[in-house]
Amino acid sequence: QTKWDLPAAYPATNFHTENLQQFANDVDKATGGKLKITVHANASLFKANEIKRAVQSGQAAIGEFLMVNAENENPIYGADGIPFLATSYAESKKLAAAQKPFVDKLLAAQGMKLLYTVAWPPQGIYVNKEIQSVADMRGLKWRAYSPATAKIAELIGAVPVTIQAAELTQALATGVVNSYMSSGSTGYDSKTYESIKYWYDTQAWLPKNAIIVNQKAFDALDKATQEAVLKAAKDAEVRGNKISEEKNDWYKKALADKGMKIMKPSPKLVADMKQVGAIMQADWLKKAGPDGKALIDAFNKK
Amino acid sequence: MVAQSVLRELGVRTGAVNDVVAWFCAAASFFAMAHAFKHGDFVRVTLLLESVSPKVRRVLEIACLFIGAVAVGYLAYWANRFTYDSWRFNEVAQGLLPLPIWIPQASFALGSILLFVAIVDELIIVLRGGRPTFVVAVEERHAHGDFSSDV
Amino acid sequence: MDILLVGGLLLVIMMVLLSGGVWIAMTLAICGWVGQAFFTNTSPGNNLFSSFWESNASWELAALPLFIWMGEILFRSKLSEEMFEGLRPWLNRVPGRLMHTTILGCGIFGSVSGSSAATCATISKVALPELLKRGYSEKITLGSLATAGTLGILIPPSITMVVYAVAADASIIRIFLAGFLPGFLLMALFSGYIIWWSLRHPDQVPPPDPPTTFAEKIRLSGNLIPCTVLIIFIVWVLIAGWATATECAAYGVVGSLALAWWSKSLTWQTFWDGLMGTTRTSCMIMFILAGASFLTKTMAFTGIPRELALWVESMHLSPYMLIMVLTVVYLILGTALDGISMIVLTSAVVLPMIQKAGFDLVWFGIFIVLLVEIAEVTPPVGFNLFVLQNMTGKDSNTIAKASIPFFACLVVAIVLITVFPQIVTVLPDLVMGKEK
């Protein structure tokens, strides 16, 4: 019998974590208990930004990380964080397929293997006033929590404020920040609706969690168990993305119930934001080099 | 060193301040490990040590220092190895400041070596029949009525 | 091997190393290593580094050295002298008179300092000679100083709370806010006891100072201004919430520096001493936290806490029973351990259990801080006892005995917050909204 520990960064009740647990149960059942995976939710085993390294060095056999978080290491990981490149679940699926061979290559070089990815709900803009265009967003106190969100702040002329996830609710309540970009689930979990009344459903991008496994740990399994893991991973990917889509609708409704106005962005705002996206895509291409270009081409072709 | 974080706090806030402050505090504490150890700031239960005869106490001190030296030697070895791996894998910090992670980690690698040296030094002092610096330092400090280091 | 047996083995190793005098941080790490090397298939060396790195290079922890520094600066300033002068004229008519300066002084200093020993030492430095000179009962004075000094960690800011928040992954600000009301409650209990005692022993309370005119009172109270400004500043920053805990600490440091400079007690020497002391103290705490974080990883990999929680669950203890048992365990631990070690040693095992039993982590934080306060005044190891032993030359057992009535007040406070958890939760809920 083999035991794997799976560090995950999100709370046990998050749909990603629930999906991981289901995956672990599936593997357990399919292998007749030969491979037991223990999910350690809420960054209880390793912190979010240590998980990838922990899998690489064999501290944990398997783990889940948010791919865009690794974009400093290689821009390829950040492809699903380019605003307005893939803006729906269908396109996100296409992008995942285009991204996969490149991610596989990067991970293989570090002794890891990609099992599957699941998208987060699409990112919208939380803001404390009605906005018609990017010009209305100048001077907003904008939460920047990643290189991409900091860059957006710069491009739209907002003031970037760095706030840790744990301090977001308080920062919103006291007006330290009055706008940020995230999915409906973040806004719901952090009670953004108590202080901010508008959410613009821009569907800017759908970041993905990747579930990776240490190659050595994987190779140490017998053939049948390997097959079972891959099969369960495939199911988990389909299931996870489906739940994600359902959750997206559920969160939008839940936010509306809490008094938040779910806004459809005006054509002008969309056009402006697309421009922001184009600049960021160009920047990204410059950083990502030929691999990046091949990735985008593969995405556009299909 | 802490002063700098305060100055940053009051000055213009740039995006990566949090990471830098965190690394900075960590680096300061890593470098200070050896100093704090020698100064007697590392807490331990001295109940038994203080109730036994000086001879037994010396034996116990030697045992503790030996265990400490092995443990910290192990720590120093892995700290350097991990940092070396970070450099080899070209690992970059996540977050707003894409700094190679081995640079801040090196502070820990170095600090752990210093601590190892300090413990071995104490071990030698005690083996030669002396009293450990950290015991003397605490006695002196408390004799002056300075309890500021005790939480 | 049965998992609980592994847990027992680790516990034995820990006991042996700790009592033998091995440094606490190293003991924690060694136990963690034994657990990982022999009972899991992860790589302990890499995990050891990760633990140090994760637990120390974190933004939340940056508040710790700042709060420590703030205390160091104030400890070396003339703040306590000023406070005593300012409080004196107002307490002449209250039963117990100047004895209340110990409680009030510790309460006030506790709202700017995060350490119990520093609070005790700072207030004792001034109050002890003044009170004994005037002929107040030595027993009550010592007891109240030793115990009221622990208000330093219950009333925010508090280094102990920062450590707990990091260990429990809870919001620092929330726990800080939760500390205010229990702090006031405890002060009221202490003062209540002093009043009750004074009414019963009128012969042992010296006559009042010569009465002062109202104008004189106001003039003397001017001494309280700098400290009041600093407190209002910190409390306001916390409640208005326009700064995070770390920023709040940074502003506190600047405020204390300004205050020390204003009272002309800031020299290069004290500045430097304070800075060095801070570095060493925070280094010590971070080293312990790292060791504990490594042990926590072992716990997660082996699944010991989960098994233990199941085991406790299988005994069907009621929540109150669980709290009773934990209180006894912590009281015993507290006799020999310092507060921070107590928290980090137990958090990996106890916190999952507490959450499973349906207790709020913020509430449990205050509960554990109250127990740490008790630990500070229980022999043989209690920092406040050491402080007073050093200042008076009295044996620490004598001081501990003098503390017994106040110790009882602490126990009453624990019972009260257990029966009425709202005392703890109402303020954070009010300011930050209910937790999800």
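Read from first to last, the chains carry the letters A, B and C; within each, the first residue is number 1.
FYI, a contact is a pair of C-beta atoms (placed from the backbone, for glycine too) under 8 Å apart; a residue touches a chain by one contact, two chains touch by 3 or more.
Since we're looking at a predicted model, the values are computed, not measured.
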Innermost chain by mean C-alpha position: C
Most distant chain from chain B, judged by the mean position of its C-alpha atoms: A
Inter-centroid spacing, chain C versus chain B (mean Cα positions, whole Å): 23
Euclidean distance of C-alpha centroids - chain A vs chain B, Å: 37
Euclidean distance of C-alpha centroids - chain A vs chain C, Å: 40
Residues of chain B whose C-beta touches two or more other chains: 18, 82
For chain A, residues that touch 2 or more chains besides their own: 53, 57, 164
Set of chain C residues in contact with two or more other chains: 46, 50, 53, 58-59
Chain C to chain B touching residues, read off their complex: 17-26, 29-30, 33, 45-46, 48-50, 52-53, 56-59, 61-62, 64-66, 68-69, 71-72, 75-76, 114-118, 120-121, 125, 153, 159-160, 246-247, 250-251, 253-254, 274-275, 277-288, 336-341, 380-381, 383, 386-387, 390-391
Complex contacts: residues of chain C adjacent to chain A: 41-43, 46-47, 50, 53-54, 58-60, 169, 171, 173, 240-242, 244, 297, 300-301, 303, 432-433, 436
Residue ranges of chain B in contact with chain A within the complex: 13, 15-18, 82, 85-86, 89-96, 98
Chain A - residues contacting chain B, complex: 49, 53, 56-57, 69-70, 72-73, 110, 144, 146-147, 150, 160-162, 164
Interfacial residue positions of chain A with respect to chain C in the complex: 3, 5, 38, 40, 42, 44-47, 50, 53-54, 57-60, 164, 166-167, 169-171, 173-174, 176, 189, 191, 194
